[in-house]
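Next come two complexes built around chain A: one with chain B, the other with chain C.
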Partner chain A sequence: MTTETTSKKFNIDTVEHAEQTPEQPLPWAELGLKENEYLRVVEILGRRPTAAELAMYSVMWSEHCSYKSSKVHLRQFGDKVTEAMKEHLLVGIGENAGVVDIGDGWAVTFKVESHNHPSFVEPYQGAATGVGGIVRDIISMGARPVAVMDPLRFGAIDHPDTPRLVHGIVSGIGGYGNSLGLPNIGGEVVFDSVYQGNPLVNALAVGVLRHEDIRLANASGVGNRVVLFGARTGGDGIGGASVLASESFDSSKPSKRPAVQVGDPFAEKVLIECCLELFKASVVEGIQDLGAAGISCATSELASNGDGGMHVELTSVLLRDPSLTPGEILMSESQERMMAVVTPENTAAFEAIMDKWNVEYSWLGEVTDTGRLIIEWDGEKIVDVDPRTVAHDGPVYERPYSRPEWLDGVQADSFAGDRPSDLKTAVLELMASPNMCSKDWITNQYDRYVQGNTALAMPDDAGVVRVDEETGLGIALSTDANGRYSYLNPYDGARLALAEAYRNVATSGAKPMAVTDCLNFGSPEDPEVMWQFAESVRGLADACQELGVPVTGGNVSLYNQTGGVAIHPTPVVGVLGVFDDVARRTPSGWREDGQAIYLLGTTRDELDGSEWANLHGHLGGQPPALDLGAEKTLAAILINSSRDGMIDAAHDLSEGGLAAALSEAALRFGVGARIAIDELCERDGIDAFTALFSESQARAVVSVPRSEEVRFNDMCAARNFPRTRIGVVDVESDALDVQGHFTLPLTELKEAHEATLPKHFA
Partner chain B sequence: MPRIVVDVMPKPEILDPQGKAIAGALPRLGFTGFAEVRQGKRFELSVEGDVTEEVLEAARDAAATLLSNPVIEDVTRVEVIEDAQ
Partner chain C sequence: MTVETPLIGHSNAAVVDSSLSGVRVGVVTFPGSLDDRDALRAVRLAGGTGVALWHGDHDLKDVDAVIIPGGFSYGDYLRAGAISRFAPLMEQITAAATGGSLPVLGICNGFQVLTEAHLLPGSMVKNNHLHFLCKDQRLKVENSSTAWTSSYAEGSEIVVPLKNQDGQFVADERTLDELEGEGRVVFRYLGGNPNGSRRDIAGITNEHGNVVGLMPHPEHAVEAGFGPDSSALGEVEVRGGVDGLGIFTSVLQKLVNK
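Our next item is the complex of A and B:
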């Protein structure tokens, strides 16, 4: 009986069979293809697709893989890049991740991706494999991964389903990232009921390489061999790419739930080391990681980016589950797998490295120049396609979009709520709120300093990692987004997200260089969501051009909605900056007694969309005004001050305004200050409440050593940038003393700030 | 005191990294002849008094909702065992 089942062949749908049975019905709708898309496949092939071909087209033409709704807008990231912005760009959009030159022959590759839907279904494995997937993107560029970051968004903190997601996602990220030995240097945590059924789990990874080590995903050289290595192929995430990421959740269709992908971080660690040795020994011509759409994606992309053809024998794939059909093997999203192209001469050297690391591999076929991707099953042809039609010529939609009618009403509804006179209570309320409270309970579950190169990590403004141990050359990274700002005004919201990430990087002392983005939105089939998307992309591309930082890559996640309700538009923007020497980094907290505290920038009455308004149930009006010229000047001041030793601490003002910045700067090292805001209020024509809680942009708080005050003031004056001396660091006080208003003991502030997450989740 | 035994296994189609690691270690220690290892877990719920059908039903409920993760695991056994002594 056993022999019978193992020897029994699948009822294989060959190309020949497809030609003979044109009328055979195929489950294209179940696989997520629309009728026009299926008919296009038939037109391309000149016949009905085989089951295997249908599997490939359906996953590769899904929203997740083909960017069919977003492509027409994303072009702006390329179109709006100037020659000057490309100066440091070694690899731009389109590869697995962008690569940026940081000097001394070093380069950095970084990218942020989403793993939202899988993390809702199975929080631990979804978040874990999100980390694993982005790390493999970094490896496949030829880089050694050096750090990860995770911007997270959950539903309401007190919703009964939130603990399941928080516990699962946070431990999944920690479990995978810590096992890999990668420091998690920052990210975001936001709670908002709009994310209740659609938590956002975005994962960023950054890697370091020498210029000459860059590897690209293409299969060149006729006769070169194609090899699949790493974990075996199982039923993981089958249909995940096309079904899970492209359809809204609908509980009436449980049958669509695919097998959850399970990560194995130790296998990935071996894969990292093994790949780096392959690169060092120069035995691979091209390499591609396997993520969404698995072998379908890897073969079609490698072939179409190279000499145009590939011949593969699918029965050579090592399987974890021998019952998989050819279509399932092509669609499987099993983790920890890579595909490479190797010359026949290097075959032995390749195998020796695999054996050394005890990594399984199987030779699948070879590169051809036929322009066809041919996949055989036991010698019978089951796929015969032009790989470009699978990988690049998917459908492109100009989806209709329209500005929501409700937006005028929302924008006219300015914050008119309570502005209490008891500022001490207000500050405590703000700093204990879900979005402003200490995230230590989460970040303490992650390794932040493993590998010994982390110079700054959460809760500082940016994560800072040393790249070159000799010179101190290093990088800073920050990710930001404000869904509420984007809801009020998607164009400005995206620009504000970039401005904040840019400001955070500059606050740490690094020069902003490049951008990655993860655009999280609702359904593109809703014209109002599509308008939010189009506006966000336009805003981000414009702002990138104005700040002179190019987008190098990223990811779009659509269909983040439950029923008809979409999440807030959430364009997460990651900015990479460079340091000549990370020893020059600027921490966010005060340390030295007697240093002068300055507020840089102008404060206006801008409470719409603010954390304070959010805390009081209000979302309306316009987000804070943005002046990118002022952001650039502020960044230049922060970078120069850091380089020349004029400031000892700097913290940017964003959500929660001055109240949050002062509280965090004090709590960072437990050092208080005496603050006077009356002069500021008079200069900017605002009251004390507005001074503390407004979220005006292009502002930062810095502490300046007494000996540097003249020089610092001169530099700000030369750049005509507003600054006010608002106080002095006071080690003895153990309090945040806002003179004439309140004295807040640091113990009380700390207790309020740190109790929130443990209260809900510990 | 009677006990209810609950066995939980990773679903057959799900990757089991622990089992895989054990499968890799077996031949290194001289245990050959094992093709695959799947690692699950076993719970023993002690019951005060008799195991009525209600108690058993409660155990099945707990097994399906708390003791196992239905997305990636199967409950393969819920059974009463009497102590030998």
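Our next item is the complex of A and C:
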């Protein structure tokens, strides 16, 4: 191979050349631009774009980067935020991730993102780089990443393609996350045939920083230097964002495999430590991670958020593959790269830190105040644009949407299936089912101990991490979604997802503070999918307002469909909560013999969309009714009980209802209980089956020390919240004994619960 | 260039036994080390003074003992520990440890580094089930006369987290017989072999008993509230297991009493 580079080789399409050859055809359609979008680029520039400019606009105006279909709806997350909700927000929507004040000068930044399409094409690398990307978002806010979580959705557990995806995705997440030294503290695993060709791989990361250390992505200070550091730029992931994340899979098109990026977790771990040292030494003015759209995104966003101009020499970029064209370099999504702005005085200090960590870097150019992003190739101008037009003025679509005609029929089809009288067999069937079975086989492949601050992790309701070792100040996180509920009613489905994540955080004892979301949907070009999306956003924004928790950031993943069949609308909601001291966190299982077990909340006949109905092949009716006022009261009770030492265990009721909650609470520490549900059935007017399998909301089971029972009851009474004493912890029994109905030995329950995943995947 | 790597949540909480605070235990950070801060915390919680050491330095900073922590140094891309053993600081450590004077503990990736550096025999290969495995592991303390295990009763059992991908200890039969014969097997897995390690071996020592390597992570069982849910030493609260603390108090007490 010759080492000769530069312009001759690529027959560079300069700005001058573009002006002289207005009629030259360009592959805008292949790069994913629609005709109207291409014409808009020509209008903005007053000439045809160069090949490099076309590459930039095509990736930055893709659905994935520009949110062009979702933007008009997402505005509600900002519009519906009240002043009171902003009280603890240090950085809101729009930056790499939101930042929340948790007190004592500490702040937390967190965000969930999707890596769905790449994970279907190449499960290991797709999932691995999903973790890598979200972690870089957190670093670029100035924070040390402290934990990750992974909400996952696969196709049917017995489909022949599912093991490929489960093995690849789980080892990708573990292989990358474990190597970064980030505890994996929770997430979800759901199996449903609607995700067969479109598995959902969402990744959440959370980071911790001091208030004064917040960094933003902007390039300010004329004359400051722009540097690219970390891994070299290669040919991986070119067009990944524009092509993979913005189009449905279709068998008639050629394979998109090369568009998936390849991850190097070691490089990322070094990058984390190196960036934290840069922050500590205060040698960077602005910083931006390189994710989707690579250098195109980093330069245009940094420039447009700062003094408005930047000058870059592209041949300075260190390459893994010297044959890359300028357009490819601009579009490459090679992982483990960052871009920073450094004052001339700090360049030596910057270089010393790079050298200490053996990180490669190259100075690309400088900040200007010209209002133009100028990119040169060996001194010849190949990009001359207003960076705002690339980063922020992309197309915005008011996609048509309409309520699906089939929905009335679906909603009228209430569950009328089997309600067996053999409740023991039913509980075993439920707890062994793909969605309710133990996820240990997966979560045991993740490190939950590293950093030594994990106070709770799966299978507890929320992941809990200590932030300050001196005071015990810490955070709780939970992510939730129920695609079936959203299919039946997207407005309520999104509200229910928020309610469950909020409830989980409160169940652990933390005060819910803020929200991040990952909105996974089908094609926005389908008006029915667009309606599901619009309804979900409206529902989530309304519920956030009602619960007083603002959305701080997130991600939209559209085109999750194969052929004409879309996934269930799946808005994954992550809620962040705060603890004054994580020592008081409440685990999900009971341990102390003789403690009283209470059920909080009201149980109605709500089996539509339930796990039981799903197990029996039914999906119809309306999801469970939601009362956010009741959720707030329940949360207050759970938080106060934790603070005042009134409960020793708490577990929320969600999928699988009381049957699942009791089973999980007993299996958590292998401690049995005697349960009596007759009084509950009488009070709520339901039968035993409904009591166990209904998925009514705003409920939780708690275990209360005898000495605290009076106080606990008084507190619930003062808040007028329904509660029933349903049993007592029984260490001797080694069984879940639902009196008058069945006795289920814990060994039998445990075996059924734990056998499912190994049977399919080990 | 000596910019300190920033710590999040650094604690200044008072130490337990002030007589031990004069003992300096160094923890080496390689590129890709993950449990270095955790090992420093464990030293502090045991009452000693943790000293951060950098792999590229040539100076052991007058430490009395060294811990090589867990992680994926250099990504484990070649063989776990194969590149780290060539770090400048490893020369100092090897020289000081070979004669039997400097106590050295290698945890997980650190154990792998010690075998690559020939301070300990044998080697680690991929787990026999081929997965990364994170679980609370029951161990038997087979040798309580090493620098790192003297505060345990011989034959006692402990629970500490195990988390690795390349944790299967292998050695030829003669080496294994030697280790057994000389009482150099320090920890053995109980309740089932989690990774296919020969003769259920979880940790070993050198002929002097100053160098110990083990795959499970005692530094993750040193603080109530953040350890395993169970203990082999008695009933504990949720995540209350601190069975690993004895490893760190062992070396501190030995050095104070020497």
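The criterion applied here is as follows: the second predicted complex is superposed on the first by the 751 of 762 C-alpha atoms of A that agree within 3 Å, B and C clash if a C-alpha of one lies under 4 Å from a C-alpha of the other, contacts with A are read in each partner's own complex, and residues count from 1 in each chain.
Quick note on the criterion: contacts are C-beta pairs under 8 Å (C-beta built on N, C-alpha and C of every residue); 3 or more make two chains touch, one makes a residue touch a chain.
Just so it is clear, the structure is predicted and the values come from calculations on it, not from any experiment.
Chemist: Given the alignment on chain A, is it a clash or a fit between chain B and chain C?
Modeler: Aligned through their shared chain, the two binders fit side by side on chain A.
Chemist: Would you check which partner chain A:164 touches, where first means chain B only, second means chain C only, and both and neither mean what they say?
Modeler: The answer is neither, since A:164 touches no partner chain.
Chemist: Determine, under the contact definition given at the top, whether A:121 touches first (chain B), second (chain C), both, or neither.
Modeler: first
Chemist: Which angle, to the nearest 10 degrees, do you get at the Cα centre of chain A between the Cα centres of chain B and chain C?
Modeler: 60
Chemist: Output check: A:174 vs chain B and chain C. Expected answer is one of first, second, both, neither. What do you get?
Modeler: After superposing on A, A:174 lies in contact with chain C but is clear of chain B.
Chemist: Determine, under the contact definition given at the top, whether A:144 touches first (chain B), second (chain C), both, or neither.
Modeler: second
Chemist: Who wins on chain A residues touched, chain B or chain C?
Modeler: The partner with more contacted residues on chain A is C.
Chemist: On the A-aligned overlay, A:334 touches which partner chain: chain B = first, chain C = second, or both, or neither?
Modeler: The answer is first: A:334 touches chain B but not chain C.
Chemist: According to the stated criteria, A:444 is in contact with first (chain B), second (chain C), both, or neither; which is it?
Modeler: Touch status of A:444: second partner only.
Chemist: Does chain B (first) or chain C (second) touch A:683, or do both, or does neither?
Modeler: neither
Chemist: Would you check which partner chain A:234 touches, where first means chain B only, second means chain C only, and both and neither mean what they say?
Modeler: first
Chemist: Applying the document's definition of touch, where does A:453 land relative to chain B and chain C: first, second, both, or neither?
Modeler: second
Chemist: Can you give the closest approach of chain B to chain C, taken over C-alpha atoms and in whole Å, for the superposition?
Modeler: Once the two complexes are overlaid, chain B and chain C approach no closer than 5 Å between C-alpha atoms.
Chemist: Following superposition on chain A, which residues of chain A contact chain B and also contact chain C?
Modeler: 264, 266-267, 358
Chemist: List the residues on chain B that touch chain A in their complex, please.
Modeler: Spelled out, the residues of chain B in touch with chain A are 10-17, 20-21, 24, 69, 71-72.
Chemist: Mind listing the chain C positions that touch chain A in their complex?
Modeler: Answer in residue numbers: 1, 3-6, 8-13, 31-32, 34-35, 37-38, 41, 56, 71-72, 74-77, 129, 131-135, 161, 163, 165, 217, 219-220, 223, 225-226, 229, 238-239.
Chemist: Show which residues of chain A lie in contact with chain B when the two form their complex.
Modeler: 121-122, 125, 231, 234-236, 257, 259-264, 266-267, 320-321, 334-335, 358
Chemist: Which of the residues in chain A end up touching chain C in this complex?
Modeler: 144, 146, 171, 174-175, 178-181, 208, 264-267, 269-270, 273, 276-277, 279-281, 352-353, 355-358, 443-456, 466-470, 582-583, 587, 591, 669, 762
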